[in-house]
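Below are structures written as structure tokens.
What follows is a pair of complexes built around chain A, which joins chain B in one and chain C in the other.
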Partner chain A sequence: MWTRLLQRLLILGLMLLGVSLLAFLVPYVSGGDPVRTILMSRVRDLDVDPAAVEAMRIHLGLDRPLAVQYGAWLWQALQGDLGYSFASGRPVASEIGHALGVSITLALTALGIAAAVAIPLGTLAATRPGGTVDSATTLMVQTFVATPEYWLAPMGILVFALHLGWLPSAGWTSWTALVLPATVLSLRPMAYFTQVTRAAMMDVLQAPYITAARSRGLSMRQTVMRHGLRNGSLPVVTFFALWLAGLLGGSVVIEVIFAIPGMGRLLYEAVINRDVPMLQGGFVSIVALSILINTIADMLYVALNPAVRSGHAH
Partner chain B sequence: MNKTNEPLLVIEDLTVAFPGQPTPVIDGLSLTLNRGEVLALVGESGSGKSMTALSLMRLLPAGGEITGGRIRFDGEDVLSLSDRQMNRMRGGRMAMLFQQPQAMLDPTSRVNAQIAEPLRVHRGFGRRAAMERVLDLLREVGIADPAVRARCFSHELSGGMAQRVMIAAALSGDPQMLIADEPTTALDVTVQAQILRLIDEQRRKRDLATLLITHDLAVVSALADRVAVMYAGRIVEEGPAKAVLESPQHPYTQALMRCSLLVPDQSGQLLSIPGSGTHARELTCGCRFHPRCSAASQHGIASRCMRSEPALKPDADGHETRCWAVEPEKESAA
Partner chain C sequence: MRIDNTSQSVAASSLLPMRPRHLAAQRLWRFLRGRHWTFRTGVVILVALVITLILAPWIAPHDPAVQNLIARLSPPSAEHWLGTDHLGRDLFSRLLVGGRFTVTIAMVTVLLSFAIGTLIGVVAGRVVGGVFDEVTMRIIDVLISIPDVVVAIFLVAIFGPGYATLIASLTVIGWTPFARLARGLTLAINAQGYIRAAEVLGCSRSFIVLRHVIPNIIRPIAAVSFLRFGHKLITVGALSFLGLGVQPPAADWALMLADAQPYVERLPILMIAPGLAIFVAALSVTWIGHGLEIEARDGDSGDE
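Up next, the complex of A and B:
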């Protein structure tokens, strides 16, 4: 167990190093001169004084060889300093910290809603394949997978914010502002979680130990609660982690529509502004966090599965 | 408990079918099991032994359906019980052991929780009392260090240990009948005898009627009072264990006996029954065993065996056989 963990951490370290190099290089490869962009945005003039450009370049340390820049950036990043945003001039680390907090709250709420609906629904569908619940579930899954968020979000705003006036239409001021975006964001993962739960439960319900539990006199319901759910929800743990990692920087549409100051919007703006330090820092943070989340999910999977826990994986 | 002479279990004309299969997997099976008796059900894999066991518990795999017949258990009509009544029956009055004990335990649930289930759902034990009782049961089935073993998961147990746990779980509901479906087939040879002895010990102590499903005739001779031999979903021979083992009447039973002795023939080869029984159910007329039967040709009755299926006919001692060769020519008029 501990050697496994140690091995894992070592691999993670190497992965992060590779990712940091990529994150560092991408803005340079993508072309364009950030210094010009910054200066143009400040003086609002296409004819920027070349001397000013040069001075700015030296000021930002962009005149040094790339390897030196990478080394310096990495060293500072390891100390939690990701530099200053070209656009706002504020520390990248603190901006990312705020945005990540917002995105994690949004993602966890959305995925929580998704799992809370999907696990009971998928289980119910699996206990009576082809039944009413199962058919309704299949329809729901297909609808949710096929409904784009950029359509659903404005519809939600129209109905619940503008027409009914129950919820705020945008912003990030109170928990009520979380309800609409989190619900819209939850539908697709809900559909996938339901399918995964249903498939896993169908498998589990065929397992010999389910027959054995029934032979001891447990009702179907008791059997599912005691022996089905735990085994059947294992795959959902993995999917939950994958979605969480994906939503951290990936809920751009929702964050832009609902004016939520999260990671997606931060990176979106950083791309538009050619904000190199923000892009580098954002990319590295998201990847590092994703790796962390998946590691936690693996550990959780192991914790829920005693056979894997002691190395008896089948 | 009702100590009448009436048999504990009476199966009449049981028929079980799966959709998409042209013929039933169990076809008109009748059996009785008396109180405290051990009835062995013998036959090749695929003959319908396990399906018979699962039918009794009404736990047939998805799609499987009891399409005909009656099952009476201790005066109750099992097939007309509600789901709730059936739940009380399972584990409380009839319990079951399976072939692969480790696969029968939930990998994510501790041993004690699973043994305690019948206690809690059938006998109203509280959590603490149930856990105490589980330790007693583990001791009874010969598990050393029960306090430690009780907290194990299935993957931490050997096959023999897992079967002991399954026995403890089966006994915990204090049933009247034990269905043991090849309980030792998947175990090491050295462990098999221990487990059989344990089952025998416990069923004597508790006066448990036992339906023992096996393909091992040595097991039958050691434990069974009566034997029923099954072929392709039908009983072909049934009678007192001694009579059936010492003078098997049906050519299939005789062949099974010869095979199980593991004695080479003149050419040095181990005996086996030619052909396979897997498609025997698809025979629409005649005896289902006739394509593999040596007696059919020897007795010059092959055409009769091909044309019509013999009935299960008893001799004077209640030893029943389904074979034309056992019935001399006088039957041809019937």
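Up next, the complex of A and C:
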């Protein structure tokens, strides 16, 4: 298990190095002179004085070999210095910090809603496979998976914000602004959580200790509560983390539609504004966080599951 | 019935008299009969959808690109069955052609992911525990957690939107679930008698993989392909919605949704119709995938 963890960390490190190299190369591969890119985005003038460009090149150290520049860039990035945003002029790292807080709040709320519905529903469906509840649940799961959130969100705004006036249509000012985006965002993870819970509970309910508990005279309800849920909810932990990682940057559409200042919108605006430092910083931090959260979740799963811990289920 | 390479069915089919040839329609009917209604509906919708998308330019009542600023935002009428958009273009005609880009990108992405993932997964499963297996599996552990939308946005920002950029960026992450699944399925059949027999008989490794392993694990993977297809349809749409996929003035469902936003209160159908189109397309392939998944699972347990 330890060698596996070490291998995992090694690959993780290599992957992050690769991702950072990719991000570093953005100004060089996207066409045009990187110095001009920087100057142009500052002054929005296509005819920049060549002398100014040359002075800027030497000032920023862009005349050094690429490898040296990468080393310097990486060293700065590791110290939390990701440069200044072209669009706002503020440090990229602090903008990312703010956006991350917003995205984590949104993602955790959405996943909380998802788990609160999915775990009871999946359990209920598993207790009577093929029954009415199970069939209805399956249909619900398929519907949620197939619903584009960029359709549901504007429709939700139309109904709940414009017609009924119950909720704000956009923004990030009060908790009511969280309700609509979090609900729309929760449907897809809800569908997957329900499937995972159902499958896990179906497995658990066939285990000998469930039969034993039932034969001791426990009702189905008590059996599920005492034995089933504890063992059946284990895979949901991994899935929860995987979705948390996915939603940090993956909720772009929702954040754009509802004007939520999170990581997804930050990345989107970086693309629209051709804000190179923001794009680099946003991409590296989203990928690094997704990978880290997922690694922690995998380790947590191993720690919680004795069968995997002993190498039995490799 | 089904063609697989177990010795039983080969023997059985050679003993049976020649079967009469069936018409394609009869075959389809036999294939659909006895399956769940969602699977049947999914197949019918998908076939209709593909035919519509191919024939769309010829069956559309109006040119989907022609603007008519006098008749903009008009409600459904005999002339314009679903009304017109903010530039006076016929909504129904745009709806017919609007899935071409998204469906093509999603289909190619899934096929590529399917091919790459299955190949890597099967090879890893055959050399389980070796260096190739360990390295690829650890890479997958890491890659699988990166949101594909983020990778796509990053690459589109650098290389600009286009078929190649979108397909590449979605495939970079997209192959990983296929590889994991293919490896797991390969592990499960590694110890089967027919694999052992082929090994003992001295069959080459590539022969065993192509002739014995892949045909026996293909059905659950095919099921997953359809499920991923639905997922990709929505992801490609999301990118187009953000302006990073198909570019205006092309007719595309997700672009139509984005365009409709300012006018949704005045003419809700501008948003309802294209959204419903994406939803129905994604739902049909999800239903097919789910049906295939159940069949593959039940089929496996029945053979043992």
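Basically, the second predicted complex is superposed on the first by the 248 of 314 C-alpha atoms of A that agree within 3 Å, B and C clash if a C-alpha of one lies under 4 Å from a C-alpha of the other, contacts with A are read in each partner's own complex, and residues count from 1 in each chain.
The rule is simple: a contact is a pair of C-beta atoms (placed from the backbone, for glycine too) under 8 Å apart; a residue touches a chain by one contact, two chains touch by 3 or more.
Computed from a predicted model, the values in this text were never measured in an experiment.
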| item | value |
| --- | --- |
| Chain A as common anchor, with chain B and chain C clashing or fitting | fit |
| Which superposed partner A:V287 touches (first chain B, second chain C, both, neither) | second |
| Which of chain B and chain C A:V26 touches, first, second, both or neither | second |
| Partner chain in contact with A:L304 - chain B first, chain C second, else both or neither | first |
| First, second, both or neither for A:P208, with chain B first and chain C second | first |
| Chain C versus chain B, contacts on chain A by residue | C |
| Chain B versus chain C as contact partner of A:E269, first or second or both or neither | neither |
| Touching partner for A:D81 - first (chain B), second (chain C), both, neither | neither |
| Which of chain B and chain C A:R226 touches, first, second, both or neither | first |
| Smallest separation of CA atoms, chain C relative to chain B, angstrom | 12 |
| Contact residues common to both interfaces of chain A (with chain B and with chain C) | none |
| Of all residues in chain C, those that touch chain A in their complex | 38, 134-135, 138-139, 141-147, 149-150, 153-154, 156-159, 227, 230-231, 234, 237-238, 241-244, 254, 257-258, 260-261, 264-265, 268, 271-272, 274-275, 278-279, 282-283, 286-287, 290 |
| Of all residues in chain B, those that touch chain A in their complex | 54, 57, 59, 61-62, 83-84, 87-92, 95-96, 98, 100, 103-109, 113-114, 117-118, 121-122, 153-156, 166, 169-170, 173 |
| In the complex, chain A residues that touch chain C | 7-8, 10-12, 15, 22, 26, 29-30, 138-139, 142-143, 145-152, 154-155, 158, 162, 242, 245-250, 252-253, 256, 267-268, 270-272, 279, 283, 286-287, 290-291, 293-295, 298 |
| Residues of chain A touching chain B in the complex | 206-209, 211-220, 222, 226-227, 230-231, 304-307, 310, 312 |
